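Just below sit the structures, each encoded as structure tokens.
One chain, chain A, links the two complexes that follow: it is found with chain B in the first and with chain C in the second.
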Partner chain A sequence: MYDMSTILQFLVNGIGIGCIYGLVAIGFAVIFNASGIVNFAQGVFVMLGGIFTYVTFKTGYFPLWLCAVISVMATAAIGAIFQILIVRPLLKKRTALFMMILATLAVAVILENAVLHLVGDRSFSFPPFSPGPPFKWGGVVLDRQMIWIVTSTVVLVGLLVALYRYTLVGKAMKACAINPQVASILSIPVQKMLVYSFALSAALGAVAGILITPTQYTAYHIAVPFSVTGFVAALIGGLGNPFGAFVGGLIVGLLQSYSVLFFSAGYKEVVTFSVLLLFLFVRPGGLFGSLVED
Partner chain B sequence: MTADGKALLRIEGLSASYGQNDALEPSSLHVDLGEIVVVLGPNGAGKSTLMRAIMGLIATRGRIYFKGEEISQRPTRQRASAGVTLVPEGRGILGPLTVMENLELGAYGRYGRVPKHEIRRSFDKVFGLFPRLAERKAQKAGLMSGGEQQMLAVGRALMSDPSLLLLDEPSLGLAPRVTQEILQSLAALNKEGLTILLVEQKAPLALEIAGRAYVLRSGRVVAAMHTADIAGPEALAALYLGA
Partner chain C sequence: MRKLLGATVAALLTCTAVHAQETYKVGSSVGLSGYIAFIDGPWKDGIALAADAINQNGGILGRKIEVVAEDMRSEPAEAVTVARKLINSDKVIALINGCSSAGNAAMAALVARAKIPMMLCSILPPKTEDHKWAFSYLPPPVFDVEIRYAHLQKVGKKKVGILYDATPYSGLQKRTAEELAAKYGIEIVGAEQFKPADADMTSYLTKLDAAGAQAIIKMGSGPATITAVKAIKQLGLSLPLLASTEDLDVVRGAAAALGDQFIFPGQRTQVLHLLPKGDASVKATSEFLTLWKAKYGDRDSTWAARGWDALQTVVVAIRKVNTVDGTKVLAAIEDNSSLGGASGDLQFSPDNHLGVRTNPYYLATMVNGKVELVQ
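Let's turn to the complex of A and B:
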């Protein structure tokens, strides 16, 4: 039997990593909302967020918060370039959807290997944002970085939901995904919206990477696991729904955390993907459905 | 005509192809300010291609002039900003979005460029013209009937305050009564000064409101006439079939 503090500890752990998966999943949602494509390079943005922050922090010239800002901007720029150089030409050729997904996978592999050659295969980390001992309630330990993770995620999710629900730009992004030709008839700058969406998605991935690195590490090879798990979270929540993606992330985080507790670490992925299969059979649209599909 | 005597829309030698297939042979037509002009023709004549070409949705050869300026090389968004808008075949409404969101997006190009009260006035105009839309502001557009979706598509187009409204088969899939309602709304808009170029398969209904007509056959303009000069259905059928 497990005592309450153990159950609560794994709840805290699950919520923490769930928020990270949620941010990755939201990145999938943003790009899907704008373009209708699934971007399997999303995990690379998570990796780049951590790597860029580490590299700039290591120079000693900049405080950690500025390194994080630089990292988010640099990763967002890479997301924008990815859209302009890869996605846009392929969309113009009316490339089939599964080929688009393969293209995003190809870019993920290329960027992963580029990072490997530039910084090596070591793991990197940097200090947590608020140094100091963790908080303790009873037997439950709450890392200070965890508070940053949860708070930042909640704020970002709230801002994104508001973007799509209440702002013209958010609605225009949805219009671009639903029907880009109609969007252009409405004077919506479709190409610009796509660039913004990819930049935003990359920035979200970078934020996830920056938040999680002090508690784990970053390295060139973390991209694919984050892409896959983030995608699973996005599907569970409802592909294209930012709030759904956040909830999907929490579900996956909790599933993985309690799998470790009740089974072992080796069963994390088995449990996660078993639940995904269940959703695909019972509720393929995810918990909340999509924002851009009827 | 515009103030300087030129046509509001003038097309010269416009052609378009889909791959190897010529969908539109070099065609010329014009629409004067304040007119309703209808483009008629059988299935596959190139009518929708013509509309898409004017709006810049497909690559074309030839020239298009709007308000005296050549817009042939301009992208769709710039043509829309210049004052041309299209209600595409099949309506093109954004189904997952609400009626209100569709209408808001219709005015996308005007936000920040015109005072907010002018956009509010456009909403009032659309809801006055189509009261059913006012009753269904929060409804998802994809759940509306065909007739209501067509009203929404026209309303959304009006939100951009266009000088020229293009409509591609607005009666498609609609009952005759609803089609009549839509076309009467277009006639009312034209009386207020809106210039309209309309593609229609249901010729008799369209000819009731149009002043001039072009007939397309096999991708080419084969006839141009004032609607008052059309002798009757047999004459029109002869033009369709090339007899």
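Let's turn to the complex of A and C:
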């Protein structure tokens, strides 16, 4: 049997990667909330966050934090352009939902290939934000980058909750999600809110990519697994609820981590998807349901 | 006007026909996208470099070589579609395929029916009847397992944890490691299967560490190695990681995190600067690297060297029999003569289609950005 410190270590590992999945899942939730679309290009935003940061950092002209800021802004801009050039015309044509989802997949493939041709097929990374050895308490180890991941995610989730609850823009985005026609009658610029939603979602994906890259690598092909796992997390937590999606991310991270401990690495997806199936049968709206029901 | 148009079309068709006659097409089913792209990309570039060098020296049998590379997207099903196109439409005289073992296995029967030699960056297809037309340039797993086990035995590390991926080659490496463990006095305390796209490996490493592993042996190449070594560092573990063959880009990323605790079986192309100068056995490697560096700079050439060797083998065989007839070329490849390749020494025979017969590896690490041999 495993001792308590090993079991706690798996908790720490699960929370760390769970926060990343949570950020990706929130991205899904933000766009779904605003437009009813499941955006399968979400993983691409994670990839772009890492790639943009690497490319700007590699030039040697900017400190890492500035590269991260530039990367988030650039990815958010791509999210906004994606909405304006692809999603908006399709929405105007009242395109079927599954066609919209296919469009997001198409955009994902195009962006991946663009990165492949512009940056290459190599893997890239950049240094952790705070270099140094990990902290140790008893037998439990906490890596410095992990602290960055957890802290940044908690702060972002808090800001997001505040955005939806206390700001005019957040309330307007929520109104668009509930009923875009009525929102429009109330002089809420629906299309503008959608642009904000896509930009926000892309920015969150980019942050996830920037936070995770120092603990692994980034490359043009990393997007799909993040899209799939993030989507699963969003379904478990509540696709229409950003906070729920974050909790879903944590659940998936912990499920994957403890699957490795109690079964083996090869079974972690079996366990995760079994739990997803359970949710689809028992609680199809996810743990926290939809934001618009609040 | 009609006459002019007809003449133009006829002239174009004639030009096309002449062009088609001027080249021999060599097909290549490679994963230029998907999880294997990081290997197959350089492998394809190695083939192209060899074709350029051969064409500059007059080609073969009076014609130039044209390499037709098709992306099988790292998907076995796509490999079959690509094979059909290369065989039926392009009429290739040989196939020099990439490193997807599953993809090459999927198309093996098709290639055997077409009677075309198929040179592989992967292991041979699993069915014995498909071996006849297939030749592998991948060193058998026993070589990289043995060199790593020998090192562990030397430094007194007896308990190892294995990380392996789901590819057939990685599975073969794992089975070989299990079979050879007792011979080297090694106990495998755990084996965890990862996916190349895994975003985090801290849980795998925590478990292997808890099981008492004194070192990690990783099967399967690719950037996931960087994730594994970073997980070791994140967890503050003092475990060395002994990787499989790796691209120098991956080696750089891994060594930056783990220093000389990251060890890998180096290829001749990666350690050439450390080998005795003037050694006749490395002449082909030197010649290849000169051309490679002129075109690709410091990009790693490990897989490219094998692609280069694969095309050179086919060309040597064609020149020997003075025809591109598949059956005769096959016999020429199998004639048991040794080819001093850029990637190492190669030798095929009718009963052995694994070209690498002696251990081609040099155990290496990277210190201050430079590859060094592990003493």
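The rule is simple: the second predicted complex is superposed on the first by the 292 of 294 C-alpha atoms of A that agree within 3 Å, B and C clash if a C-alpha of one lies under 4 Å from a C-alpha of the other, contacts with A are read in each partner's own complex, and residues count from 1 in each chain.
Basically, contacts are C-beta pairs under 8 Å (C-beta built on N, C-alpha and C of every residue); 3 or more make two chains touch, one makes a residue touch a chain.
For clarity, every value in this text was computed on a predicted model and none was experimentally measured.
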Touched partner set for A:P189, first chain B, second chain C, both or neither: first
Partner chain in contact with A:Q181 - chain B first, chain C second, else both or neither: first
Contacts of A:A172 with chain B and chain C, given as first, second, both or neither: first
Contacts of A:G138 with chain B and chain C, given as first, second, both or neither: neither
Dominant toucher of chain A (residue count), chain B or chain C: C
Which of chain B and chain C A:P89 touches, first, second, both or neither: neither
Touching residues (chain side chain B, partner chain A) in the complex: 55, 57, 75-77, 80-81, 85-86, 88, 92-97, 101, 104-106, 108-109, 111, 140, 142, 156, 160
Contact footprint of chain B on chain A as seen in their complex: 168, 171-172, 174-175, 178-179, 181-190, 290-294
List of chain C residues in touch with chain A within their complex: 33-35, 37-38, 41, 166, 192-195, 197-200, 202-204, 206-207, 210, 223, 226-227, 230-231, 233-236, 249-250, 253
Touching residues (chain side chain A, partner chain C) in the complex: 2-3, 6, 9-10, 13-14, 16-17, 20, 113, 116, 121-123, 125, 133-134, 136, 141, 143, 145-146, 212, 214-217, 219, 221-222, 224-226, 229, 256-257, 260-261, 264-266
